[in-house]
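In the two assemblies presented below, subunit A is common to both, partnered first by subunit B and then by subunit C.
This part shows the complex of A and B:
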């Protein structure tokens, strides 16, 4: 059995990676839950965001916050454009999976062409600062990432729950025809939501760039686990995604600490399979 | 006779490819063709389940990988001859498939995209287990010491011939399945699984059989590929590229035709082979992505689907109605039944949905040869009762006896075989099958259980009966509501049921259409079929039925002769409310 410090440290890193899972899953969950689109390209967008952060903040020497201010609005526009394409060709739920996979492959190729397949790491002095709390080390950027993920989840939840736009969105997801009959413009809402989801991918990408080493193949690395998070959390449920992210993140890192790192995928996917088989009506 | 010629041509093509190494082609030609055949085998095997039934699996990598590792481990560690390891590879993959299917296919209303994710998750689980146990253990498995039987002097040529073998075996399987009962059932599952089950398709068994076939072939292909690559690793074997390429190939070529995936596989393999090195590999990946997007947007049914729709339009010019009309025959009413004996009896049937008691102890009897009217306000449990009798819902309590058999614990397709058919209030035709095929399917799987030819004759007969014969080759989307309702009727009758449950066949029809429908219902009874007639239109009910049952809040509140029942106080109250009574 590993020491208490190691377990504590694992718990902490599980919470942080869970935050990232939640952050990546948030946009995916929104577009799946409200637009009935399974957007695999979300992962590719996040990594495009990460590489752009690397380029702007690392190579061009821009301040990281300025890079974020450029990337996030740009991604919003990109998301709107993607949604326009999906609506223009009236892409259904299953077709969206395939089309967005095609987009993923194209973006991955573009990344590989522009930045090569070599590993890239953004070196920031802020990126490596850690606080010591008792016997535990708390990496500041990862804690910030978790805080941002939690804040965005709560804000999105409140937005959907309390604002007019959010309520219209939920009505539209329930029944687009009836909502339209009551004056809800589904198309514009969809453009907005898709833009927001893509902007979240941009935010997630920035954190990925600061914390992780980048390579194009990484795009596919988190796909399975984030899907597990989205489904566990319930489609279109921002708080659920965060909680599911934490559950999976913590259970993975505990598996890594107690058994072995290579066994970690078993936990999340077994959880996913159990949910799908036992509670398929949840989704 | 035509199919024998085709089969002969098929065998000849396979033989030509298998004989190719004798002409000593350059090595790269052989390895390129091997890759084509490898992907043909994988894509075609995937299609047997996923393309035909619409359950898109992202787990083909798990079956292929199981086969790969089965051969790798058995051939290296246990030194079992290569050919036998292939059999083991197929069987182990099929076993995995059956276990997964037995769990997953039990889940009701598991939507397509969830099945996709579930199978993807299974791939990760299998990969993790292989990586962490002695099966692989981490570093991968070398097969350099394994040699295949010497079909040709050169091992590469021999592996190529195995590739040809599995590719053509997969194609032959897909071909045979497409035109078999299994295939017709799978296509029906694709369009509407519930309806397929009610018409007598054993959906669970069919899906399981298709998955077993599909995973067996993938497993064998994996075993062969293990020898081709000679070094097997988890990250390569269980990569997400396998399911994605397979899906891309099938969708590109057309997933509803046995040859479609092969066309897609040849195209994509050639494309990736043309750009193998450096910069152009990146370009080819991007190009594949772009092709995927364009195909989905502009050619959603693939090359073969596009060709088939053109072919259908071309063939539709001279309508098939002439041929169909050539077999008019009156079926005699089934003899030897004691008129008036109880055919169906419901005894205290209860069914609740989360506290709502949809059926609160319904007891009623339907006598052989009668038309029983079942009326009641909306939400009174009429359709729920139909769903319980036809086996879609399982009652919580009570017995439903049909000709002496208890239906409660039977699957819907067994009930259909016993001779119970139904129509849906909102017509649910199989949208991608022609009108004729819709009805022929019922004749194939229903109580009639006819072979293909007889089923088509039977279907033509019932289509003439309802007046849709000249629309036989059309798709259901080309019909109006009235015609769709009659299609429902023809489909139910083609089962040759002893009892048919008609759920609001008249709703939404014009008065003239109602008159013709009422005449049809009467004619059905005259031919010896017992009818449960659910309807709101009281004029039609009183005109048609021999006895009447009134449901309200899931209970029978009145039954008896129609004229008497409608005068009862509580019936009037249930329909019109107390103030009017």
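This part shows the complex of A and C:
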């Protein structure tokens, strides 16, 4: 029988990895839900953000907050540019999957060209610090990452729900023609949303750099589980993505603690299949 | 929308990825074929291979590429092979066994190379072996992890850890620990299910049991596991004297980092196939143990050509911006591959695969790894594996004593 400490520690671990799933899935969910673009390049952007964090904070010796202040706005602009290209060439939903996959491979190759295929690790003193709470240890970086993921999810939800821009965005996604008749400029909103989604990828990338060792091919390692999170959470639903991330993260972690680690990957996809069978309307 | 996602098959993904990778590499000015230096005289002897230059195995693939280029450059500066220059035709297999199969077919039938040598890693080698067998080509390979699967009689393994490494290597490791005077009494085995790792971990489990170690924990995880938090919590709960981590690449680092966040450091920790740089350079990697056949210090540096190889490899690796520029086991495996090939061609004065295979089977070859033989079952020779340890940010051999770096001994907690 697992000890209470083991279960508690595993629960914490699941919450934190769930936060990262949610953070990685947030931008993807927004662009899929509101722009009807399945943007696989979102993962590549996150890893590009991670490598830039490594370069700025690790190699150039910049403070990590300063690195974030450079990366996030730069990614916003990159996201706007990507959306402009998607619109310019009338890339539809299905085509976006292939086009963004191609962009992912190009970004992966560029990363390998610039940083080589060698593994890179951003060694930060605070990266492995933990706080002890009773018998449990709370890793500070992961806790901060979860807080950021939760704050961004709630803020995005509130933005979409309560602001004029958010309402226009939802109206445009629901029925573009009617929304346009009321003066909603879908193209501008799409540029804004794509910029926000890319900026979120930059934020996620920063945490990936601090927590993980980087190699170009890892871009593809996250796709399956984050897709499951996005679909479970509901397209364009920021709170849903966070909750789905937590459900999958905690389920995986508790499975590892109580049963066996090899069973963990089955959990996310079993949940996904169940949702697709029982609630097909979520997509 | 549902039909959209359902319509995208894995095959389409693979095809698109291959096409776009080729396009991207072309755009970035990279080339997969690596022609070697100037010819001593006559048409070059073309030797084909693939390496994982992109994909998850690329970091080690590049190590092999650099080591092979060092050898080819050196041999072309001298007399070449049979007085002719050597051209190494290297294609990028993207770390994919299926693509490796296609590329070896291409090398043999379309590019019409004279000889082939193996790619990096067990899966791609197995693919290349099948193609070599179909075309009657000899295959010297250097990183094949499951000896029992090497059935082809003209394949020759440079990775000399014997025919039953799952028995011999864990014994070597436990001998080293016992000789330190602080033999562990309990063990936890945490292992990836990656095939070439898993069978060694299972073997280590049996050996540990036979040697009287009490098993506190045995866990398997899937290759590609991202979250080691819960696994770390279980290791900390078990608190073994000795932690065997059946890891590939970064998995060992990830587990150590997760353990550190729980304020726990394993007493003795062994990593099967770690990424050398991240583990050596990470603070928590200090005292980590692993398996090796070569490290760049005496007595290895006194083996034939080793000193020059170590120096040239280091120069190139620094230039290529590798985080760990020392010539370690992987680099030496590639170099030794070429040494064996050169010895066979030089001795037989032939490029005939059957003649070369016959010679290799019947002779011993001095290499940077030591003297290799291929006369045992499955063309395997002796288990030459050694135990290495991270000490002050570098890997050094600590066991057997006669191969330990000068002045170095196994550090135990």
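The rule we apply is simple: the second predicted complex is superposed on the first by the 283 of 283 C-alpha atoms of A that agree within 3 Å, B and C clash if a C-alpha of one lies under 4 Å from a C-alpha of the other, contacts with A are read in each partner's own complex, and residues count from 1 in each chain.
By our rule, contacts are C-beta pairs under 8 Å (C-beta built on N, C-alpha and C of every residue); 3 or more make two chains touch, one makes a residue touch a chain.
This is a predicted model, so every value here is computed, not measured.
J.: After the subunit A overlay, clash or fit between subunit B and subunit C?
T.: After superposition on subunit A, subunit B vs subunit C: clash.
J.: Output check: A:223 vs subunit B and subunit C. Expected answer is one of first, second, both, neither. What do you get?
T.: Only subunit B is touched by A:223; subunit C is not.
J.: Give one of first, second, both or neither to describe whether A:29 is in contact with subunit B, with subunit C, with both, or with none.
T.: neither
J.: Please determine whether it is subunit B or subunit C that touches the greater number of subunit A residues.
T.: Of the two chains, more subunit A residues are contacted by C.
J.: Once the shared chain is lined up, is A:109 touching subunit B (first), subunit C (second), both, or neither of them?
T.: both
J.: Looking at the overlay, does A:156 come into contact with subunit B only (first), subunit C only (second), both, or neither?
T.: Neither partner.
J.: Name the contact category of A:256: first (subunit B only), second (subunit C only), both, or neither.
T.: Touch partner of A:256: subunit C, not subunit B.
J.: Report for A:91: first if it touches subunit B alone, second if subunit C alone, otherwise both or neither.
T.: Touch status of A:91: first partner only.
J.: Taking the superposition on A as described, I'd like to know which of subunit B and subunit C A:101 touches: first, second, both or neither.
T.: Touch status of A:101: both partners.
J.: Check the residue A:270 against both partner chains and state whether it touches subunit B (first), subunit C (second), both, or neither.
T.: Touch partner of A:270: subunit B, not subunit C.
J.: Which listed stretch of subunit B (183-191, 201-209 or 273-281) steric-clashes with subunit C in the superposition?
T.: Clashing stretch: 273-281.
J.: Indicate the residue numbers of subunit A shared between its subunit B interface and its subunit C interface, in ascending order.
T.: Common interface on subunit A, subunit B vs subunit C: 38, 93-94, 97-98, 101-102, 105-106, 108-110, 112-113, 260, 262, 265, 280, 283.
J.: Would you tell me which residues of subunit A are touching subunit B in their complex?
T.: 38, 89, 91, 93-95, 97-99, 101-106, 108-110, 112-113, 220, 223-224, 227-228, 231, 260, 262-263, 265-266, 269-270, 272-273, 276-277, 280-281, 283
J.: In their complex, what parts of subunit A are in touch with subunit C?
T.: Residues 2-3, 5-6, 9-10, 12-14, 16-17, 38, 93-94, 97-98, 101-102, 105-106, 108-110, 112-113, 116-121, 123, 128, 130, 132, 137, 139, 142, 212-213, 215-218, 221-222, 225, 249, 252-254, 256-257, 260-262, 264-265, 280, 283.
J.: Per the contact definition, I'd like the list of subunit C residues that touch subunit A in the complex.
T.: 1-2, 4-5, 7-8, 13, 16-17, 20-21, 23-25, 27-28, 30, 53-56, 58-59, 61-62, 95, 193, 219-222, 224-227, 229-234, 236-237, 249-250, 253-254, 257-258, 260-263, 275, 277-278, 281-284, 320-323
J.: Give every residue of subunit B touching subunit A within the complex, in rising order.
T.: 56, 103-104, 107-114, 116-118, 120-122, 124-125, 127-129, 131-132, 138, 240, 244, 247-248, 251, 279, 282-283, 285-286, 288-293, 296-297, 300
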